[in-house]
Amino acid sequence: MTSNHQADIGVGIIGCGYWGPNLIRNFNRHPRCRVERVADMRRERAEAVAREFHVPAANDDPGSVIDDPRVRLVVIATPAASHYQLAKRALLAGKHVLVMKPFTTSAEHAEELIALAERNGLVCAVDHTFVYTGAVQKMYDTLHDGSMGDLFYIDSVRINLGLFQSDVNVIWDLAPHDLSIIDYLLDGQDPVSVHCLGATHAGGSQENIAYLTVTYPGNVLAHVHVNWLAPAKVRRTIVGGSQRMIVYDDVEPSEKVRIYDRGVSIAKEASPGEIYQQFVSYRQGDMLVPQLSGREALAVEVEHLVDCIHNGKTPRSDGRAGLRVVRILEAAQHQLNSLRELQHAGLTTLRGAA
Amino acid sequence: MTSNHQADIGVGIIGCGYWGPNLIRNFNRHPRCRVERVADMRRERAEAVAREFHVPAANDDPGSVIDDPRVRLVVIATPAASHYQLAKRALLAGKHVLVMKPFTTSAEHAEELIALAERNGLVCAVDHTFVYTGAVQKMYDTLHDGSMGDLFYIDSVRINLGLFQSDVNVIWDLAPHDLSIIDYLLDGQDPVSVHCLGATHAGGSQENIAYLTVTYPGNVLAHVHVNWLAPAKVRRTIVGGSQRMIVYDDVEPSEKVRIYDRGVSIAKEASPGEIYQQFVSYRQGDMLVPQLSGREALAVEVEHLVDCIHNGKTPRSDGRAGLRVVRILEAAQHQLNSLRELQHAGLTTLRGAA
Amino acid sequence: MTSNHQADIGVGIIGCGYWGPNLIRNFNRHPRCRVERVADMRRERAEAVAREFHVPAANDDPGSVIDDPRVRLVVIATPAASHYQLAKRALLAGKHVLVMKPFTTSAEHAEELIALAERNGLVCAVDHTFVYTGAVQKMYDTLHDGSMGDLFYIDSVRINLGLFQSDVNVIWDLAPHDLSIIDYLLDGQDPVSVHCLGATHAGGSQENIAYLTVTYPGNVLAHVHVNWLAPAKVRRTIVGGSQRMIVYDDVEPSEKVRIYDRGVSIAKEASPGEIYQQFVSYRQGDMLVPQLSGREALAVEVEHLVDCIHNGKTPRSDGRAGLRVVRILEAAQHQLNSLRELQHAGLTTLRGAA
Amino acid sequence: MTSNHQADIGVGIIGCGYWGPNLIRNFNRHPRCRVERVADMRRERAEAVAREFHVPAANDDPGSVIDDPRVRLVVIATPAASHYQLAKRALLAGKHVLVMKPFTTSAEHAEELIALAERNGLVCAVDHTFVYTGAVQKMYDTLHDGSMGDLFYIDSVRINLGLFQSDVNVIWDLAPHDLSIIDYLLDGQDPVSVHCLGATHAGGSQENIAYLTVTYPGNVLAHVHVNWLAPAKVRRTIVGGSQRMIVYDDVEPSEKVRIYDRGVSIAKEASPGEIYQQFVSYRQGDMLVPQLSGREALAVEVEHLVDCIHNGKTPRSDGRAGLRVVRILEAAQHQLNSLRELQHAGLTTLRGAA
């Protein structure tokens, strides 16, 4: 298709963990990209991955990736705490960046990176992978074609017997997926409020279960349940509208999105005896499981990113999307911290206490 | 079996709605009970039910049920707002009472009824039906035989395209089920804190979606999601422990309880370079779906109640259990009210705002 | 609606087993029907049912039902072996009949009853309940609106840890459901061939598992798996067409019918090297779960039957439908008998025998 | 573990289709194996695979694989029609062989290969991958520890909207999986009889749906439904015993095996009136979902094969297992051919013909 083009985007990847091979594979499959160099703190890991996936150069020095003249796009797949420093250095070196989620560990850092990229005319993208899936795209289209009526709520559950992590808690680990989906569905709207509760169990030092509630203008309620200690894997998002409702079950192998032609409306009418009587009418129609694009989300994302780099477009999951997600996480973390302090002080939280 | 006993407990039922026929059927099946009289505001409804289920007397006067000398037990199956007045009158008339959930609409009323019943040596029970199911009994036994290790959390979802009600919101309608299950599993422990958020959609006047978080001593987190506007019926409670975890799915026709032999433990050890390193060990064992008693919960409840009346025992779901549930609902309602006021005042909630 | 009509169809029911109360309830709910009399070999059973469901008369004499002058329609809900004698006697007495499945235990008997009913201008219906469900109706409509393309096969599985019966084997017990659905979907077409294999286990005297294959003109293959010894309940029928396919899962509480917009077509083209190469093209489109009528099948059937009696119409599940099902069962039984004889004679069936 | 050993088994692979990369990956991961050479009719395919997976040599000549002196084990992953010639040539060249399923296209060929391997002291294995899965191993262990009581039946369904093939029909394509599982569970027992029915649709030249019934001594009934034209993927095997029953659902991501503590027993006792009355007692106990080994089946198989080559053991899926499966397929094919002839001759098979 684009075989008349040269592979003109050299890609460098910093961090060769679980996601690294997927990144290499998808960039190398794109006709205009070529992974030139990888780095990982564990040098032997970088070298093994480079050997297996035919990457020309590998070592343990992130700087060598950023400074490699063949590299135009730096992919930052390290732990979250290092995203800011590495992305900043790459942007200062005039490179486009793709940063894994969460974008940064503070909104301030995110804002600085966005400004830097804009000043230098560089693409700054965040790997909100889910927004490139066929499932989320179908949800977006259904929500925005008007057939769902008013949006009421988004309820998202992402639980599993997961990989406990020592450096971040469960909201920084899992909630970016849900929050980036919600952010995309809501066209990047700013939230009205954020509430968060969580708990730390099993001798860990980080919350392993948390409930995050985000309200949006127009009385839209978003709720995210993330949990590393659940017996079975659940990844389910319900989008409730007045005319239609969607259930997105990412654990389903093929039938991920179910669109229910169901809704409710309430008409108030005066009636003698009682001042108002509610007339509720339910609509129970068909349910549709749309055929979804089977393309790998990361391949879609790479193609989109290449398009943005070539044509100066703004990525669907740009730094600003990353920032909006980080802002919510930061607000939630603030509340979890207060909760921890109260508990350490031996105080029960009194809010709402019976 | 007990056919040598006379039916010595005359039962009177006030309120012949959806649950009425179930109550009559189950009381009449017990050899020592006999439903003598029913009443309903809609007299023709009371008479039709009486005819169909062979109840000797029926009218539209609750007083006639309470005052009928053949009636020893008054079952109050009217809307929640009238529970207190009717139960009080029955207790004052020296009758045992069984009150549908929620017990009352205020903790103060509940306390008064409990005191009245105790003073008069009468049974005051609340119809927390779920605590009499084979599923919840199995959960209780599993939690209390020590094999689950430490209890971490209980997460309960009860959502459906439900019957919108004009007099109560979704937490008073649905959450009593979840809260009574949690209360039973935790042996009636008092909560440390209650948090609640909700929203009112579709032109209704009552919250149709709400998230309720209740914390208990020992860092136990309970969370309840109730929703009248969900496209599909979900009734699922997860109980997470350090050694085993339970998923109770009440929508499953036969395999309602799944006990997972799974857990996690974290050992902290000093390591050079980092002060603490987390060693997390997961256990992934078999999953068991226990055979459950197939007896109708209401039949178990009736038998238990008869035993309590005859032998002066305290019902599993007594007034105090009802009170504990009402206290949580009241605290939650308090927060929903504050939220409504903020919104009506055009103020955004600031807590945790980004 | 038809409240200006009198209840002019007196109904008598012979056999008060599991299905009896459902029959009484549904006939009595129809404004033009009234159950006047029931009978059961176990007189006390008949009397108890009559008392509970307000039937005026009950005893242990089938003749009293048939001869009751108020009875215009005789419902025969006894074991299959007695259907013929009772239905014959009722038809000779000038009564319409509704016979439970299987219609009779031999095609000869079925033919005689059909002839008798026609001669006397009486309705002779068979209780093929499933053909009155919303699910089967939707399948019929989908198959007959042309959108499925060519019909290829119908595969039906009806298995459970079932009620072993001593008088009939599993094909006479369960397969009438599947065969009546298939017969209805195929507009009563005559089969081309019938094949059946089964086995008798656990010390029983009747086959408890059987596989029944019925071929129809146009290369349509129907297959039925019935089994009393399965660990879990499966009731699933797949209808495969060239353009669309249906999965009907009767165990699903609400989403019983799934219509897949999927198919395959094969184009043959000459190619050098190989004489023919197959070009197969698959179509994978959306899947639709249609909203189904929630009416109880038996209520639909009663209404239909009343219409047939009043207006001289032929029931959807008339004697001829019953006969077609019995013919298949008889042919299948013939093969099971041959198989039994071979086994009793110590002969193994030849490997690969047709 | 075996790192002190050299990689002393050179492996050559003929055929680089879908399964090829899996074979290379798994052999190369074993410390004592090394894939030295691959071949494929499509030379560029062989070269691309070799490049991606670091195989030293590749071309389009199967002979070059067989004759390569570094190759001790030849893996034959070509279409079934060529298995016999290639395996024969490899065995004659003194090489061990692993042949994909089905082993051969005729029992005669299979017998010849077995004899040849035995004469030359070579391992001749067939890739019955499923018998190396944790799921099938658990089923085998459960069936053979005596807790299931008597085995009654095995019912296997393997259907999908599958890949139509022009050279083989659906039984040769899919049924080897089911038949090899059944053969393993039954310890290689010879069947008593084989029956098969099928149909060819959508303009294809090969059966795309078939039902295969195999009976075994002791009244054991095995049934296999294979289908390329089903709307959804089902891969489910039920094993029914008198004391316990297993459902193996290979589509389930994690809970593949369910062991039901359920059964039935029938006691016959004389009773007045009827000569024998059946007393059936059901047992409905718990259901267990055992934790299964998560190792990739092919890795287990490779390890087992290496052990057999080094220690002169007989593989679990040896040529004789392959032969037993081919014998059943051959008998089934014979019946499908008779059926086709009858249809081409315009003859209907007689209704009820055995």
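Miscellaneous remarks
Going by the order they are written in, the chains are A, B, C and D; count residues from 1 in each one.
The rule is short, and it goes like this: contacts are C-beta pairs under 8 Å (C-beta built on N, C-alpha and C of every residue); 3 or more make two chains touch, one makes a residue touch a chain.
A quick map from chain label to UniProt name: A, B, C, D = Gfo/Idh/MocA family oxidoreductase.
Bear in mind the structure is a predicted one, so any value in this text is a computation, not a measurement.
By count of C-beta pairs in contact, C-D exceeds the other of the chain pairs C-D and B-C. Farthest from chain C, judged by the mean position of CA atoms in each chain, is A. Mean C-alpha positions place chain C and chain D at a centre distance of 37 Å.
Centre-to-centre, using mean CA coordinates, chain A is 52 Å away from chain C.
A separation of 42 Å divides the Cα centre of chain B from that of chain C.
Annotation for chain A: residues 232, 258, 284, 287 touch two or more other chains. Taken in their complex, chain C has these residues touching chain A: 255, 258, 261, 284-291. Partner chain A is touched in their complex by these residues of chain B: 107, 150, 152-153, 155, 161, 163-164, 166, 190-205, 209, 211, 213, 215, 219-221, 223, 225, 227-232, 238, 240, 242, 245-247, 258, 260, 262-268, 276-278, 280, 282, 284, 287, 327-328, 330-332, 334-335, 343, 348-354. Interface residues of chain C facing chain B in the complex, by the touch rule stated above, are 232-233, 251, 253-254.
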